[in-house]
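Notes follow once the structure below has been shown.
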Amino acid sequence: MKRQVPLLITFTVGAVLILSTFFPPVETMGEDFSLYFDIIAVFAFFLGGGNLIRVNSDAIAKKKKGWGFSMVTMAGFFIMLAAGLLKLWNPGGIRGDVAGTGSMFQLLYDWIFNPLGATMYALLAFYVASASYRAFRAKNRDATILLVAAFIILLGRTPLGVYATSWIPESFSILQIPNLAIWIMSSPNLAGQRAIMIGIALGVVSMSLRLILGVERTYLGVDSE
Amino acid sequence: MTVTRKSKPFLTPIILVLVFLVFLSASLFAQETASGISVAPPANVVASDFNYDRGEQAEVRWKLSSDDNGSAGVIGYEIFRAGVGSEDFVSVGLALPGESYFLDKDVQKGVGYVYKVAALYSGGQSFSDVSNAVIPELEMINWNLLNLFIIGLLIAASVIYFISHAKKGRKLFIRKIAGLEAIDEAIGRATEMGRPILFIPGINDMDDVQTIAGITILGRVARMVADYDIKINMPVSRSIVMTTARETIKEAYAGAGRPDAYNDDMVRYVTDEQFGYVAAVDGIMVREKPATCFYLGAFFAESLILAETGNSIGAIQIAGTAQPAQLPFFVAACDYTLIGEELFAASAYLSNEPKQLGSLKGQDIGKSLAMIIIIIGVISATISRAWGGSFFIWLSEFVNKISTIQN
Amino acid sequence: MEIFGTWVAAFLTLGIISFLYRDNPWYKVCESIFVGISAGYWFVTLFFDNILGLFWAGITREDPNYMLLVGAVLGVMMLLRLVPSIGWISRWPLSFVVGATAGFYLINYFSSNVMLQVSSTLLPLLSPGFGQPLFSSSLYDVVGNIIVAAGTFTGLVYFFFSKEHKGAFGHAAKIGIWTIMITFGASFGYTVMSRMSLLIGRMEFIFGNWLGMIR
Amino acid sequence: MMMRKDFLVYLAVLVVFLLLYFVIPKPVVFSTAVSSIIIGLIVLSLIFILIRTIRGKLVGRRTVFLFVGIAVVLPFFMTISQPIVLSPEVKLVYDSVSELKSGSRVLVSFDYDPASAPELQPMAESFFRLCLERDLKIIIMGLWPQGPQQAELALQIALQDPDVVKKNLQRGVDYVNLGFQTGNEFVIQRMGTSFKSMFPRDTRGVLYDSIPLLKDVSNFSNIDYSFNLSAGYPGTVEWVQVAVDRYGLKLGTGNTGVQATGMYPYLRAGQLKGLLGGLSGAAEFEKATNKIGQATFYMLPQSFSHIIVIIFIIIGNAAYFLGEKKKKKEQ
């Protein structure tokens, strides 16, 4: 019972979705299933949110290392919920638009959520530089090709590249860095992208079949029944 | 069956006048010569049901008006529709000069329609006679996708064949995948150093096949972790991934005969927000200093933040994703990287079960099919372009037809 | 009021950047705030978009879509995981999700990634497109087409599982991995630039909006 | 005790930023002389690092971070200009828009969040400015929750442009924002048959049918050109797979740098009518619409940070090769 039914569900749902693309009357079934998923995801959030609260309140109760920071997380979580669900400090009141101008929810978004997200994203500028410094060593032929291609594209996409090779005569204009960069992007890069995309699609096909046929079932955790 | 009227009767005359005015104003700028003289109407208008849809589309074709010769005689075509037997024609769309096809998308199934096309010129419209009646029907099977169905069937059949074929115990040769061979070494290192393993299943939810691939690999990794009694730490950014991962790890510990060693806190929900999750994982990495980091699933911009921080604490890093844009970062910053397809092959590769390995062989069939089509297609296209030869032209058209999807 | 907001944002921005030097209390505070606020934000957004906007609106509009109840039932089953005795029921919605994902991805990935990419690789090597006369294409196009066709072909060879990379097959695979390495190098080089602009945006916030030092 | 050391560092940082905030004269502008001195100093210190690396003393990751910070911040205050070359894929977007006759409808989809704004916001602003100048009708929607908010910001800036202000365009007649809709690529699929089913109201709550601009707009076939600003999933790939492949929509796109590389296959296969890639794509587009904006201002710090990355790659390779030679000498 615990094992057969889930595998049966996966099989029927998967097979129905695959076949539905070939029969217009049920063509849009894939769309409806994605709506069901969105609803399941919201219900599941209670498990996630519940775990976040339990882990942090546990840390506070047992005064584990860094329990002060758990208090900060809990405070942030509940303030945001209050500002969003109960629309506290929201000029429109309970009827108002949740992210209406001037609402606490919008303020928290603009002053805290947005700058933190943008700054974490901006850390990538530092990490890209340190990764280039450390990893781009011409230690073998593959790494050298990767380094040379990155070098040309890096130069080609900035005015820097224009300076460096503007002296090359018009007849060999392909050798000018910007044109070379464009050629690399549209030929070898295109070929590599295609090979990877075709590979991925075939990997997805084989994985999906393994899942639907129940050959791969570790996600259900049913190894030993 | 009465013809269903559009719910907004007063709107249609306004649209008609407005469209007419727009054309009138546009045509004022046409050369002086064409003003006032009417043009020949389009001929033999044919309406037909759009094949293989839910009956909500109808096609209209017509022969171009003889004055449509690019010298600003005809400035476009307007398509009108009316219910069968009624004279109340409504404008449903416009077509550019030179076009002789129009797809009417908001028709109702089972309702009869007739069409009429007007060639528009600066002086006005010259109407064609009314087309045949058409009743858009729902077709059960979309035959346009026949080639997709056959090729898909072929590959699925090859995967299934090799899965069942493998059951008979034939040894299948599968090439070594560096990233997967390194898993034992990576976990061994964690045992020596007595430090935890960090497993990141990507930031997408269970509705992404890359996350499912990550979870299936987790099943194998967790089994080894249970055997060697190392601590596994798995912060996740999605609730369903949390419950699935707990289920998988609990089973791995049960399978290793140590059900009591498992506890739910190994898998912890952090936040759904991409960069909030990355900030928390960076904190965990720097504070708990895991010996080995696994990044297996769907990753986006945050891939390099994780990989560089993991590198700064000296951990062995094994990454795998099917996001082409993120692969270069993992290749640059991690010790081993599973490139696209290798992520999906990982669970089969690690299981070493014949039927799982069989599916990899099926994938190779798909690749060889793609390679054969590319060879035939390219050669036949080159020859047919270079020296003609009806066979090659037919061949290159055929290969092109079977590999493109007409929708 | 706006000034206060800018100071808060500046405090958090510098706190995150301090992580580059080393992990410190300032970063830990920013991290905890971010985790708490973002978890709350996503639950509120999911609640208004999916429960009210999608589920409730779908049920209570004129021709209600009762199939949405299937989603709600599966959602509740997922929650039953909290009840140890019938916790196993949560496997049903999970297998529904996995089955739906597998079924949907299989066809979509196959038709878009395989069929389309293969069909656009079928280029004639000596002239750019169908119908153009022979040798009307420049060297640029001819070489480009040859590289695209050969690169895609050898790339696929590299990904082959069931054949050792030896002999002619090995050479083809070697060319394949070279093409893939050029692809990775190209997108890495292309991306370095875009990452820098993110930092430029943040630094403009600190030195421009906050400190007002930029003209 | 560790806490006191942290405390002192934080105090110092606070003092520095209070000084910058209250004391020093603003705005800070370095004359060309001062700028070249600073550049000279940076180059000198980099050469010094190269020499130390050759002698075998490797530089840590924090030095790289420091130089990246300097390379991004100092150019804000410098006075130097630089040439920008227009690439074909950027020109294709500009040409596609300029070919449209006035009154044609342009669908602009916002699939990114504030984190990718530095690259995509300048594109949105200059694209809106170009469309409004050419009297095109703009329909905005987004597949990311924060997308339509980013659209409003860009719209306000484009509307204040002198050439656009005098047309006093109104919401609902010349432009409309239909807001966000959840469902990723299925939203595009539904839009293929009917926009209204996915966007019953615009962001101001006005019903779809009572928006004059959308009177005869039911689906993609009534859209003359579409521009998609995308930073990931859902984004351009889904728009190409559904809107272009299935409904034949004419689509141009603005992508973040990392996404742009994956779009070349679609550009080559003719599915995309133009592509703006990363910040330099935005700067090139600003040059095409000859309106210098944010992207061009960013290009100087960008070039500096590029040079720093290139130099550190060279230094890194120098360290590797010399390490290799030393090993060979010892064997």
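First chain written, first letter: the chains are A, B, C and D, and each begins at residue 1.
The criterion applied here is as follows: a residue touches a chain if its C-beta (ideal position, glycine included) is under 8 Å from a C-beta of that chain, and two chains touch if they have at least 3 such contacts.
All of these numbers come straight from a predicted model, not from anything done at the bench.
Visitor: Quick check: which two chains are joined by the most contacting C-beta pairs?
Guide: That would be the chain pair A-C.
Visitor: At what distance in angstrom does the C-alpha mean of subunit C lie from that of subunit A?
Guide: 4
Visitor: With chain centres taken as the means of their Cα atoms, state the distance from subunit B to subunit D in Å.
Guide: Subunit B and subunit D have C-alpha centres separated by 25 Å.
Visitor: Using mean CA coordinates as chain centres, what's the gap between subunit A and subunit B in Å?
Guide: The computed centroid separation for subunit A versus subunit B comes out at 16 Å.
Visitor: So which stretches of subunit C touch two or more other chains?
Guide: In subunit C, residues 16, 19-20, 28, 30-31, 34-35, 37-39, 41-43, 45-46, 49-50, 54, 78, 81, 91, 94, 97-98, 100, 102, 105-107, 109-110, 112, 114, 116-118, 121, 148-149, 152, 156, 159, 180, 183-188, 190-193, 195-196, 198-201 touch at least two other chains, as defined above.
Visitor: Please output the residue numbers of subunit A that touch at least 2 other chains, ranges allowed.
Guide: Those would be 21, 30, 34-35, 37-38, 40-41, 44-49, 52, 113-114, 116-118, 120-121, 123-130, 132, 134, 136, 146-147, 151, 154, 157-158, 185-186, 189-190, 193-194, 196-200, 202, 204-205, 207-209, 211, 219-222.
Visitor: Residues touching two or more other chains, restricted to subunit D: which are they?
Guide: Residue numbers touching two or more other chains: 61, 65, 68-69, 72, 115-117, 182, 245, 258, 261-262, 265, 268, 277-278, 280, 302, 305-306, 309.
Visitor: With chains as vertices and touches as edges, which is it: line, ring, star, complete or other?
Guide: complete
Visitor: Mind listing the subunit B positions that touch subunit A in their complex?
Guide: 52-54, 138-142, 145, 149, 152, 155-156, 159-160, 163, 205, 207, 209, 212-213, 215-216, 218-220, 238-240, 242-244, 247-248, 250-252, 254-255, 265, 268-276, 278-279, 301-302, 304-305, 307-309, 311, 322, 324, 327-329, 331-333, 339-345, 347-348, 355-356, 359-360, 362-363, 366-367, 370
Visitor: With touch defined as at the start, can you tell me which subunit A residues reach subunit D in the complex?
Guide: 28, 30-31, 34-35, 38, 114, 117-118, 120-121, 125-126, 128-130, 132-134, 136-139, 147, 151, 154-155, 157-160, 162, 178, 182, 185-186, 189-190, 193-194, 197
Visitor: Inside the complex, what are the residues of subunit C that reach subunit D?
Guide: Contacts found on subunit C: 10, 14, 20-21, 24-26, 45, 49-50, 53-54, 108, 112, 116-117, 120, 148, 183, 186-187, 190-201, 203-204, 207-208, 210-215.
Visitor: Where on subunit A does subunit B make contact in their complex?
Guide: Where subunit A meets subunit B, its residues are 21-25, 27, 34, 37, 40-41, 44-49, 51-52, 55, 113, 116-117, 120-121, 123-124, 127-128, 130-132, 134-136, 146, 193, 196-200, 202-211, 213, 215-216, 218-224.
Visitor: How about subunit D: which of its residues touch subunit B in the complex?
Guide: 61, 101, 103, 115, 193-194, 209, 215-216, 218-219, 221, 232-233, 245-246, 258-259, 261-262
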